[in-house]
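The two complexes that follow have subunit A in common; it is paired with subunit B in the first and with subunit C in the second.
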Partner chain A sequence: MFTGILDGIFNGLSVGSVLLLAALGLAIVFGLMGVINMAHGELMMLGAYTTFVVQNGFKQLGAPWTQFYIFFAVIAAFLVAALVGLALERGVIRYLYGRPLETLLATWGVSLILQQFVRSVNWVLVIGLILFCLLFFGGLWIVKRRPDFERIRNWAIAILLPLSAAISFAVGSVLSKTYKLAVTKPWFGAQNVDVTAPKWLLGGLPIGNYQLPYTRMFIMVLTVLCVLGIYFFLNKTPWGLRIRSVTQNRNMSACLGIPTQKVDALTFALGSGLAGIAGCAVSLLGSVGPNTGQNYIVNTFMVVVVGGVGKLVGTIVGAMAIGITDYIVGTGILAQLFAPIPPLANFFTFFATTSMAKVMVFFLIVVFLQFRPAGLFPQKGRTVDA
Partner chain B sequence: MTRQFGRRKFLLYGSATLGTSILLKACASSTTSSSGTASPAAESPAAESPAAASGDTIKVGVLHSLSGTMAISEKSVVDSTMLAIDEINKAGGVGGKQIEAVQEDGASDWPTFAEKAKKLIEEDKVVVIFGCWTSASRKAVLPVFEEKNHMLFYPVQYEGQECSKNIFYTGAAPNQQIEPSVDWLLKEKGKDFYLVGSDYVFPRTANTIIKAQLQAKGGKTVGEDYLPLGSTEVTPIIAKIRSALPNGGVIYNTLNGDSNVAFFKQLQGAGLTADKYPVMSVSIAEEEVKAIGTEFLKGQYAAWNYFMTVDSPENKKYVEAFKAKYGDDRVTNDPMEAGYISVNLWKQAVEKAGDPGTPTDLEKVRTAVYGQEFAAPEGPVTMKPNHHISKTVRIGEVRDDGLFEIVYETPKPVDPIPWNQYVAETKGFTCDWTKTGVDNPGKFKS
Partner chain C sequence: MAAEIAVERRIDSSKRRLIVEAAIVLAIALFFILVVPLLLSDFRLNLMGRFLALAIVALGIDLIWGFTGLLSLGHGIFFTLGGYAIAMYIKLQIPESASSRLPEFMSLYGVTELPWFWKPFYSFPFTALAVVLIPGILAGLLGYVIFRNRIRGVYFSILTQAATIIFFNFFNGQQKLFNGTNGLTDFQTIFGAKVNSPGTQYTFYILTIIVLVFAYALCRWLTSGRFGRLLVAIRDDESRVRFTGYDPTGFKVLVFAISGALAGLSGAFFTLQTGIISPNSMNIAFSIEMVIWVAVGGRASLVGAILGALVVNFAKSLLSEKFPDIWLFFQGGLFLLVVMFLPDGIIGWLRTRGKDLFRAATGRKRIMTYPSLEEDPEVEYERKNLGD
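Moving on to the complex of A and B:
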């Protein structure tokens, strides 16, 4: 019985910690910056794919290294996702601050682009893209140095854009004609790819009849580390202070000389990087494919909204609450508990399948939000938007 | 200042000319080569190629998801279907005519499937369509095919309980996959079953059938659970399996797609191993094994009609042709093979009927399909008047290289039964589209 309870607590917490890790990045991007980032799931997916690439790279290195790829994968996933996030912020989102609907649509578009990108990415595409960027932005940079740049700006773009597109397209088609399959073969393809945890993470710690999976423990440790890291960063470093001040009052911070644009970019990159780490972690549990991110996006938003936008502690409590409720309802523990009262027991047995448990959890969340629309830990103070 | 200006201008104009010339060159080269790839079959006799392009072809539709969730599985069926079409074209086509395949993307979205089916029939005027994977997409296109009285070849194993005049089912009916595998499990692995499935029509119907069958044969269903499609949180299910089957038992898995990966990875982490908890899957084939990872699946079972390891000259030829066309690392699986069978059965029927029909009149071809036999990679198959084909049933065990060791196969092909005889609502019903004198030849009491 004791091990049963222990197992229940552990499982509930582990379901919650996966939710938390996935939602942590969003808690920063959505919670602190107010950006509805629909591409958050795809940043996770990029993290998962990075794990796949690192894993394969370490397989080449030989025996001792293959066992430790996961640590490097976590770091690489963070960096890759953060860089993509940075590009996304600089390229798209910074033009859309304060316009939530447009941000939502734009980031959703980005998420579709990223999904299709990992499906069809190959050498031709990458070379073509790099060439295009070099030609177009390089060309713009050269033209920009002219004194009469403002006057010829539109004209320059009208010429440069088709020209560099045509050149990179031509180079691409020449490459694919010359090298055939070697350059046109997709790197990953539409298929799911196989990420396998290192040997020491397979299996679990046996306790009586039960077994605590090592991968779950690894994810819980990783989650704790991430939360501590974020807490330390936001509260103890100068950049964390700037992020918090920009969150609270953007105009005042700008007046006091805080580079708000830099802070925005940094915050977004940080949130994206956390999504990358989450992607690396979930690749140990589930599948890695172009749709990986979509499986998590709804849950992550749910966690942040329940927890209260703008508060990290809300996200933590929200994730754990949802995870444990989901587990308790889904396994039918409640049905056993209410066994003496048949109608209640029947009611909970009905909800004791995984898909019905989801229904129950969503229903509870809807009811909860009726009474606490701002979530568990609402932001207080005059600066909060009404 | 002036010097600098001139150099810039020179650079700009120079790169412009260079770019334009490269573009022109690329365009020129691409036009010549694209005409070469468009009709590879007609390359050697050059005089034939204009004739083949100017209407002396048979247009067929290939309708699968090339994007979205299902692209993972459906793309390879398209590859196999195209292989069959290419082979037929290289061998001289159907009755001397080349087949021209029009591919459409159903985008894993069921209304899109219906739209694209309409487009293929009305605009492209195809005479047959090969396509669909999920039961949901098939149910979505069914009204279109019935309205237009058109023809679809459906290549995937499914839950049965359907028999349309306009669909030919080349995948397994439940009695050609699920029922024999349950019998085998009862005999070899134990009587206690836990049923796990994705939450949509196929797993739910399949589990109804399994439960009725277990009841009839002395087995026991100790629990069943459904995951939303795409969900990867399987911790509650594993906890329930462990409490329902503390001493081990059979897990019957009808999960589809990504959930399988999470399920097997976490099953292994929780210590539910194949020797105590054998899992029988009906949606895991060679491609999925590769994506999930062999170390998680070793020793688990799958029930299909075809495995890549089937030992026959036809299969050897098929696998070699497929690898030659798409690369050495590719694998073949059951739905791909069914797609390959579809094209060949249709080709034989067209040859028997004498002409491929027109989009509005396919009656002759349809009746010609009945009784067509084909030496498929899985063994001989025959199209029955109930629009399903007889198939050999096999059970495979995952081995180290990710392929299946065949541990059981039926001695001869099993005849299809679309209306399930274990389920009360359809007990006693049969389907026979050659039958006259009944109200609905698709479902009548025999």
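Moving on to the complex of A and C:
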């Protein structure tokens, strides 16, 4: 009985810490810009794939390095996801500021593109993309220096866009004709890839007849470090102060000289980078595929809804509450607890599968929102639309 | 005196415009019923029927998103529920010769007695009501628990999205009740006719068009009067609506329920023409796709919703036949393109930029003045009869 509850709490905490890691970035971005990033799951997926790539790279290096690839993978995943996030913010989201529903749709589009990208990415695609960017943005940069740029802007884009697309497409097809499979073979393909945890993460800490897997403990430590890092960053650094002030009142911050655009970009990159770290953590738990992100995205949204956007602690409590409830209901521990009372036991047995546990959790969240519509720790303010 | 005449003329002209619109709608419907089947192969005609069924749910999405500003990512639920309702009715049309009095999948899972909630679906009137009412009432309930707390914006969107996942999980997990992942398929007969025969399918096609016309009329009626104005007001500034003494909650619940009912209707006709309904149509992607149909066609334009559903779906079926790998690229690009460059969709573009381009091309340049004065019949009347 005791080990059962301990098991429930430990596993719940571990599920919750993955959720927390994933939701942390989302909550910060949502708090700052009111934007729900539907591509957040895909940024996680990119982080997971980065881990896979780093792992394979370190395999080439030989024995001592393969044991420590995970530390480099965490950093690499953070950087890759942060860069993609930065590009996403600069390229798409900043034009949609103040229209959250449109942003949601646009980021969904981005998430579809990213999913297909990892499926079909190969050398031809990468070379073509780089060539296109060089031609298009290089050409635009040259045209921009003409004094009458504003006047000819539309024409320049109308000519440059198809031209550079056609050139990169032609180069791509020539490459794939000459080098055949060497360049057209997808890097990852549509099937899942596996990340093997380093040796020292295999096995677990035995407690009684139960084992706490080291990978789960690693993820929990990683989560704690990330939360502490974010806390320190938000509360003790000048940029953290700026982020908090823009979160509280964007217009007033702008009036006081805070570069809100830069704050937006920085925050978005940070949130995306956290998603990358979450992806790295997820890759330790099972194989990762193009759809990995989709499995986590709805739960992380629910964490944000339950936690509210005001404070970090809301996200932490929300993630842990959802994780533990999900696990305890899903594994049927409650059904065992209530075994003496048959109707209750039957009721909980009905919900004792992974998918039905989600049904239960959703109903609990909806009930919870009847009492706290703005989440656990709402932002205090007097605006009508808060 | 002049004002009275103007008002009379205005009513008169709006009545005339309504008659013209009805005539156009009827003409298009007749065209689709009589002429289009001659132009398309059976396969394409079946696709057309399906997409026309999807246009019904696009109308529902337009009603809540285009007019009321609520982005629902959960219409897949209502769509699928409608589909399941009709599928359950057909599954209970068991021929006399069959060995078991149960739908065949149930015996696979060792079910010996029909679950209680299947029983009412023996009756067609109940099924017909259920197709509309079950999704409608569910949408109303869901809407009530969300809207009464003034939860809105992206919160509403992600809650409806979570609801979609929940229903997906539920239907997926219940093999004994709904055949789980495989869904309900292998339809045999309806009213004694074979479901898959071309004649029956053509009947479904015609019925779909008729229902679509009625759905269009319903939405047109809802959005044209005071109710429509109120919906737009809720979209543009809900707080102000509240301050002027209205309670938006009831209206939002009502319009969400109507939209859900339309989705159910759409799902039923879609199921009849595809011959399968499975939890797959409750995945997140499908519900968001519905939104993009409306976005492509033009939000807050009913014609745009129908047009968007047809255009996007035909593009999808053509492109995914030709390039199955890169359809997702196209779709993602479509989302970005529409949101960033065509926020009002095709119809919106035609109304603004397209009109200007047409004028410029035909050489009739319009002099910009106060357009409202130009079109106001009262001003026109005065100008004509009273001189300067």
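Note that in this section the second predicted complex is superposed on the first by the 376 of 386 C-alpha atoms of A that agree within 3 Å, B and C clash if a C-alpha of one lies under 4 Å from a C-alpha of the other, contacts with A are read in each partner's own complex, and residues count from 1 in each chain.
Basically, contacts are C-beta pairs under 8 Å (C-beta built on N, C-alpha and C of every residue); 3 or more make two chains touch, one makes a residue touch a chain.
Worth saying up front: this structure is predicted, and the values here are computed from it rather than measured.
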(message) Just checking: does A:Gly330 make contact with subunit B only, subunit C only, both, or neither of them? Give me first, second, both or neither.
(response) first
(message) Looking at A:Ala166, would you say it contacts subunit B, subunit C, both, or neither? Reply first, second, both or neither.
(response) first
(request) Could you say whether A:Val193 touches subunit B, subunit C, both of them, or neither, answering first, second, both or neither? (result) first
(request) For A:Phe362, select first, second, both or neither according to whether it touches subunit B, subunit C, the two together, or no partner. (result) second
(message) For A:Gly289, using the defined touch cut-off, is the partner it touches subunit B, subunit C, both, or neither? Pick first, second, both or neither.
(response) first
(message) After the superposition on A, what does A:Val92 contact: first (subunit B), second (subunit C), both or neither?
(response) second
(request) Considering only touches as defined above, state whether A:Val110 meets subunit B (first), subunit C (second), both or neither. (result) second
(message) Applying the document's definition of touch, where does A:Leu256 land relative to subunit B and subunit C: first, second, both, or neither?
(response) neither
(message) Quick check on the superposed pair: does A:Glu102 touch subunit B, subunit C, both, or neither? Answer first, second, both or neither.
(response) second
(request) Going by the touch definition up top, name the partner, subunit B or subunit C, that contacts more of subunit A. (result) B
(message) Residues of subunit A that sit at the subunit B interface in one complex and at the subunit C interface in the other, please.
(response) 116, 119, 294, 353, 355, 358
(request) State the interface residues of subunit A toward subunit B in the complex, per the touch definition above. (result) 7-8, 11, 14-15, 18, 116, 119, 139, 142, 146, 159, 163-164, 166-167, 169-171, 173-174, 177, 181, 185, 190-197, 202-204, 206, 209-211, 213-216, 282, 284-287, 289-292, 294-295, 326-327, 330-332, 352-355, 357-358
(request) Could you please specify the touching residues of subunit C with respect to subunit A in the complex? (result) 65, 69, 71, 145-146, 149-151, 153-155, 157-159, 161-163, 165-166, 169-170, 172-173, 239, 284-285, 288, 291-292, 295, 325-326, 328-329, 331-336, 338-340, 343
(request) Spell out the residues on subunit B that touch subunit A in their complex, using ranges where they run on. (result) 8, 11, 15-16, 18-20, 22-23, 25-26, 29-30, 33, 66-69, 71-72, 75, 199, 224-228, 230-237, 239-240, 242-243, 246, 258, 260-262, 265-266, 268-271, 287, 290-293, 295-296, 327
(request) Provide the residue numbers of subunit A that touch subunit C in the complex, in ascending order. (result) 30, 34-36, 92, 95-96, 100-102, 104-106, 108-113, 115-117, 119-120, 294, 298, 301-302, 304-305, 353, 355-356, 358-359, 362, 365-366, 369-370, 373, 384-385
